[in-house]
Amino acid sequence: MAIMNNNGIILTTAEEVLSWGRRNSLWPVSIGLACCAIEMMHTAASRFDTDRLGIIFRGSPRQSDVLIVAGTVVNKVAPMLKLIYDQMPDPKWVISMGGCASAGGPFPTYSTLQGVDRIIPVDVYVPGCPPTPQALLWGILELQKKIKAKREGKEFKEIPIKKAEPSFPINK
Amino acid sequence: MLWTKQDDIAFIGDNFESLKFVDNEKLPYFEINQNELLPFLKEIKENPNLQFKMFIDFTVADYPLHKPRFQGVYFLYSLILKKRICIKTWAENERLPSLTGLWKGAKWAEREAYDMFGIQFEGHENLVRMFMWESYQYYPLRKDFPIEGIKDTYLPSLNEKPGSMPSHDYEEYHTAIPTMEDLEETEKKRIQKKAQIVLNWGPLHPGTHGTIWFLFDLEGEKVQNCDIILGQLHRGVEKIAENVTYTQFIPYTDRMDYISAICSNVAYVNAVEKLLNVEPTEKAKWIRTMLCELQRINSHLLWLGTYALDLGALTIFLYTFREREKIMDIIEGIAGIRLNSSYIRIGGVRLDLPEGALDVINHFIKDFPTKLEEYETILTKNRVWLKRNVGVGIIEEEDVYNYGLTGAVARASGVAYDIRMIQPTDKYDEVDFEIPLGTVGDSYDRYLVRMEEMRQSLNIVKQCVEKLEKLKDDKHIATDNPYVLPTLDETFISIESMVKDFNLRIYGEQAPEGEIYLSGENPRGELGFYIISKGEGRPYRTRIRSGAFYNLQIFPELIKGRTIADAVVLLGSLDPVVGETDR
Amino acid sequence: MELTQIAFWTFSTLAVLSAIGTIFFRNLVYTVLSLISTLIMVSGLFFTMGAELVGALQLLIYAVAIVVFYVLVISTVPEFKGKAVDPKYMLLSIPVGFLIFLELAYVSIYGVWQSNTGIFSPEVIEKIGNAKAVGTMLFTKYLFPFEVASLILLVAMIGAIIIGRKEEKQEAQG
Amino acid sequence: MDGYFSLVIFFIAATIVGVALLVINRLIAPKVPDPLQDYPYECGVPLYDKTAQTTLDQKYYLLGLLLVLFDLEAAFVFPWAVVYKTFVSINAGLIFVEMFLFLTILIFGFIYAWKKGALSWQ
Amino acid sequence: MIPYEYYIALSGLLMVLGLIGIIIRRNIIAMLISTELMLNAVNIAFVAFDMKLHDVAGQVFVFFILTIAAAEAAVGLGLIMAIYRLRKDVSVDTLTELKL
Amino acid sequence: MEELILTSIAIGIKSVIFIIGMFLLAAYLTWIERKFAGHVQQRPGPLHVGWHGLLQPIADALKVLTKEDIVPSGVDKVLFYLASLLAFVPAIMILAVVPFGQPVNLFGFEIKPYITDLNVGLILALAFGSISIYGVIFAGWASNSKYPMIGGLRKAAVLIGYEVALGFAMVGPIMQAGTFSLKGIVEAQQGLWFIIPNILGFVVILFAILAETGRTPFDVQEAEAELVSGYNTEYSAMKFGLFPLAEWYIATFVLSAIAVILFFGGWNGPHIFGPISPFVWFFLKLAMMFMFFLWVHWTLPRYRVDQITELAWKVMLPLSLLNILVVAIWIMIFG
Amino acid sequence: MDKMVKIKYLERPKLSNTERIFFLDFIKGMKVTIKNFFRKTITTAYPYEKLTPPKRFRGTHAHRVRDGKEPPSFNVLLQFMEIKEGESRCVACYMCQQACPVPTLFNIEAEQLPNGKKRVKRFDMNLLNCLYCGLCVDACPVDCIIMTDSYESAAYTRKDCTIHLDDMSERGFDFDKRRYNEPDRIWIDDEAREKLWGQIKWS
């Protein structure tokens, strides 16, 4: 970040202001994967109204800041999710909503990704199955705290997807 | 009873030598040789006295020790007899004839069987993977495939270190994940580009109601050809079912059709109860009926909201969610969780109705019709709404049978197929309600039918509440049955209960050997459970016949020649839920 | 007057530059872009000459309607993109162009406008407004051409529809 | 003339503001490359067709045609509208009939287009 | 006031540029676009004469030129569409049968 | 020369003030829209960022301004950037020809609440309005992605259809006022508002504005459920920010102003607020108009794009022609 | 009882001409939206006002502590265990793990004390794998494991989503202190729900 490299007082203030802007205008991508997405929709609906906090859902990842992974990420969706994440402009954050997204949840099966943090870096985990809207809002508030504390974008990490020798014999 | 017996088809029986009838008490079925299967099915479909025209389900069961290994199971429904039939056949050389010539609805079911078991279907037009991607090597539902898959990919967490994790949580090796090339291959296999451009619509798209992946071959904005790729939410539920006890599977049924969790619960539990010969208490039945109908309203509200949202009426979405929020509040108060409530238990319900629940529901019943009126004022006669809906996606009656469409989609085309009517479970035979039928079968009819269904459901809820007010002191779960888990209070005071609880938890409900197919009327169509028990604590095979899976199948047919804008209308009016289509 | 001079020179330079762009850009989209720019500049020139109505209509009709027409056709036909300029005609074009320029200059300077001065002096225009002046002229003296214009439009519409849709009819029949 | 001068200045100012916004954005925004960052968005799946600029559609040609012709018609109507009020007091019939004729001829074309189905898309 | 000759010169220049465009471009659409340039040159000339002669007749003619330009564009592009649909190519060189 | 530079600087400053003002206004129009939408849906809208969410637009602007600016592969870079300018600049250019009141004398200075009043103001407004069509088409085309492409062409189709209807619908007021100058039109409405004979034209203009600004029932170009975000799907950060700003707010605002001027007598109204009453009236009418659009937007479902164009050509165009006839006869009778 | 199911063919409403010309369909719809505009908002401003989950709410798990309210079964099992007042009631019977559909999420360890009694040493639950189905609660024979009304459990790492013996006991103690004596009612915070529901007449 160009103006954030030096650490003068003014710049710190600028940083602070920017961080304020960012955390108060978190636009998530409206992508729902499974049951948790329903609760995510409820969070956005009148009863809990994320718009209060400046959170409005955007259709395109190019215009969003947060990826709320709401639901089970199966292996087949993993590369797509990764792509969506990559397509988002920095600075960006990831909330992993519900057990499935965070750690495979109740589906320790052949087809479920055991945690999205294997493909994209996660900032906040929200346990629950599904987390209630209040729990998700709490997660979002936690994310805001995190942004406030960190004040800078995330570092980029190369994601290693490589085939390894199977740990035990395959029976086809 | 709802099952076809020997006598019903005796008059054609002689033509097929290998036809065998097995009169199981719970699921009587016919067995026939593979080479006679197609003629037999054709005969019973076209015989005017039988007319097994409606395709219900097809699945496969794997018996590794038997030779041949796989058995195909067909379920059909006759319009004349008003009965179902179950036909089984062994797949010689892991091959079966394809039924796609007789029923188009068999197309996906066969692809699923191919995907999950690796059975080849002769005569299938495009036998590609249904749920998994193209270069996936295994057939997951085979008995020798481990539930957790083959972990052969090194895929550690990006922001967690193994040491910092609780030991039971985390493995660095993972099952195979497709690469972008794999996915590209998958999509290229599905559709041959004929027109100008192939557009991917979904899976991660706001308008596709979850993660359905459509491929549209577009000419301008017109869809010339379309295919659907499913499996973006394939979580292996059927595999899980084989590895957990009957009770433990209940929470998973919530997560299939997560919008109507209680309905799925009830459908499953009913099937299991039938298998175990458990009779739930009176009160439990009424509670179930009531919650099912509440859940149906809930589900239809979500449908209405998202449908309206897709058609641009942004505010309706929020209004329906307001009402949903109320129902969720009720369910949360009764069951403890808003969405995936897992409230139903074998033999009854988990907890008794809390104090005040009926008051709140009464309140809701009074309040809801005015809200429904509001939605109707905004939508029903709106010219834009009419323009978008009338005449779009007309489904003929013939197609309903052909594709095995059920639920509101079938009823909008004038087919009075409602499980609540033809095979009432719980208390559906004692409540008073009407089944709305459409006359044209377009999206507008589907809209009207669902709106009317909400009213009818409300009516049912009202009757249930009245009944339940009288049943205050009944037991909510039939704990005297040996298969029913005791309640907490019983466990605390009696040692027998504790032992029974202990046994059931550890060994599972050891159901008698047998099979059962029972379905419930989900908001999305017939949700059937086909359970094979081998006398163990866990089911040998659980097949889930999902309404949305079959309903979605007609989509490519309907969209042909229409624009993308119609795709949302059609998809919305078919109302699939991916959790259920993919399982 | 300083202002008009500056305006003239800017507009005309830009117009010529964009015209050059129009004929030399290989990518058709850029060609059209520079055409738009030319047209806007020409309309600016109209304004400097006090022809308000024509200037505004130049923007509305030329720079929008007609060019949008081009853009729609171009942006929907992929192969139109990136067709080359053929340099071998370059040699031919320069002398021809030069000759025509000379002829134009000759005609302009020695001929045509030796006619009478009209009644619409700047003062009159100032009073009744350019638009009204043009309107009056159009609906009195040039009434007949005005009606003919409508016929031209009609014929163009019918012709274009017939040409443009021919294929589809055949498809429908075949 | 001054009026147009202000217009030009306004145009320049607007452009400068617009460009400035884009430039500021480019300057202060973080640039963190991700491996697939510039992959075109299509719901997160690999593209079937790599390029999208391949739509040739009848209807856009016809739309453009209608736009041009009717805009021109409007162009003729505008001066008429301006002088209408003055003319009405002088010779009401003529000016009315003039336009009426003009419009009739074009409405004829319009009806032709309608009949030919140029106005409907499907 | 700018002398009208300047305008006439500009008009000539644009005319020539348009002509050059027609000659050197090998693509029908580009040629049509060059035609538009020439029509514009004419427009400028008309208005310039007007200015000189204190008349508005020239501006009236601009209207008619606009009409012609529109008609030309309509028919020209219609032809192009027809050709494109037949041949999938709109370079002049490939349309040999249209050359005499 | 010096004088020229001085005046240009003066005008420049005024322009910048207008533009910045419009920006702030547009930013707060987003707030108004969100609040309005919120309350229609029984929720409060922005609430916690600043007092009643008043700082929300600022936060959004800050954020949008500092997002990473992604240029996807395969796009035409120049066009990609140009498109967002082409959408924004013409939209704000309309502002330059719209007067917001008569010149007032404040502290001895004559302050003109408009940039310029032109004899052909209305045509220019129309022309600028239609130039923004390029922004849309190029945005869609340059993105080299399918959703933007379809969205851009859809929007183009809608704009084209309603552009013509809009033009014809404006003829009625022009006939009555006998001028293209917006100020002149307002002044001609001292007595009766032009809505009276022009009711058909007004209906057409309402629909046309809804269509041009892409609000329901005509928001096909960015129908979320179909096209993700329409022609701006590939746009990020400020490039993106300019689109909704231009289309949803500036254009809606300015076109509402024009509608008010054409049909509701602009700033005419009883002088009950002292010297500023023209402004009060104008902004009141404007606010009503804007609210009306919001209200429609948050109620109706959307048409399909072919239905929209059909509506434009088969209903709106004949209606506006009919309007001309009605007004012509009206003038003949009442003068 | 005989079936009372009836079949009903639906009428398709049509737009009349008056409605069409005067946009009555639009106006009616807009009337509804504006009516809602003037209704009170139903929003729960979450961080500032919170809904109290119902008593049955299935949130984060907790352990009841030994506090004298144990069921009889606990007293039977107590003789094998070393559990002090205020400590978790868990008797390490592993029933919760047995009942759970995802048994791997538990990590229970018990140790044998020199005096022959047992003590639970470790009781970890990884909430990220939990379905919140409540089967474990139903299975516990000593009313130890319960599910509380706490849901604010979002964390920055996976590790923090695992709950342990001590914080479970703490949570259980806290929960019981607040809500043990609450009646089994559908909701307890009627005022907060009133926003959404309006006043409800309780019978």
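So that you can tell them apart, the chains are marked A, B, C, D, E, F and G in the order they are listed, and the count of residues begins at 1 in each.
One rule holds for everything that comes next: a residue touches a chain if its C-beta (ideal position, glycine included) is under 8 Å from a C-beta of that chain, and two chains touch if they have at least 3 such contacts.
Remember, it's a predicted structure, so these values are computed and weren't measured experimentally.
S.K.: Quickly list, by label, the chains bordering both chain D and chain G.
M.R.: Touching chain D and chain G alike, sorted by label: A, B, F.
S.K.: Which chains sit in contact with both members of the pair chain C and chain G?
M.R.: F
S.K.: Counting C-beta pairs in contact, which comes out ahead: D-F or C-D?
M.R.: Answer to which pair has more contacts is D-F.
S.K.: Averaging over Cα atoms per chain, report the distance between chain A and chain C in Å.
M.R.: 54
S.K.: Determine the centre-to-centre distance between chain B and chain G, using the mean Cα coordinates as centres, and give it in whole Å.
M.R.: One centre to the other, that is 26 Å.
S.K.: Where the centres are mean C-alpha positions, what is the separation of chain A from chain D, in Å?
M.R.: 40
S.K.: For chain E, give me the residues that contact two or more of the other chains.
M.R.: 63, 66-67, 70, 73-74, 77-78, 81, 84
S.K.: Scan chain A for residues touching two or more other chains and write them down.
M.R.: Correct list: 30, 45-47, 49, 52, 59-60, 62, 80-81, 83-84, 87, 89-91, 103, 106, 108, 115, 117, 129, 132, 159.
S.K.: If you look at chain D, which of its residues touch at least two other chains?
M.R.: Expected reply: 4-5, 28-32, 37, 39, 41-45, 49, 51-61, 63-65, 67-69, 71-72, 74-76, 78, 82-83, 86, 122.
S.K.: Any two chains that touch count here, so list every such pair.
M.R.: A-B, A-D, A-F, A-G, B-D, B-F, B-G, C-D, C-E, C-F, D-E, D-F, F-G
S.K.: Which of the residues in chain D end up touching chain F in this complex?
M.R.: So the residues of chain D touching chain F come out as 2-7, 9-15, 17-19, 21-22, 24-26, 28-32, 37-43, 49-53, 55, 57, 59-60, 63-64, 66-67, 70-71, 74, 77-78, 81-86, 88-89, 92, 96, 99, 103, 107, 110, 114, 119-122.
S.K.: With touch defined as at the start, can you tell me which chain E residues reach chain D in the complex?
M.R.: Its residues touching chain D are 63, 66-67, 70, 73-74, 77-78, 81, 84.
S.K.: For chain A, which residues are in contact with chain G within the complex?
M.R.: Spelled out, the residues of chain A in touch with chain G are 46-49, 52, 99, 102-106, 108, 115, 117, 123-129, 131-135, 137-139, 141-142, 146.
S.K.: Would you mind writing out the residues of chain C in touch with chain F in their complex?
M.R.: Interface residues on chain C, with respect to chain F: 2-3, 6, 29-30, 33, 36, 52-53, 55-57, 59-60, 63-65, 68, 71-72, 75-76, 129-132.
S.K.: Could you list, by residue number, the parts of chain B that touch chain G in their complex?
M.R.: Residues of chain B touching chain G: 157, 159-160, 164-170, 244, 247-252, 255, 315, 319, 322, 325-326, 329-330, 332-337, 340, 342, 350-351, 354-360, 363, 367, 374, 377-383, 386, 390, 414, 416, 418, 420-421, 424, 429-440, 444-445, 448-449, 452, 485, 487-488, 491-493, 495, 498, 501-502, 505-506.
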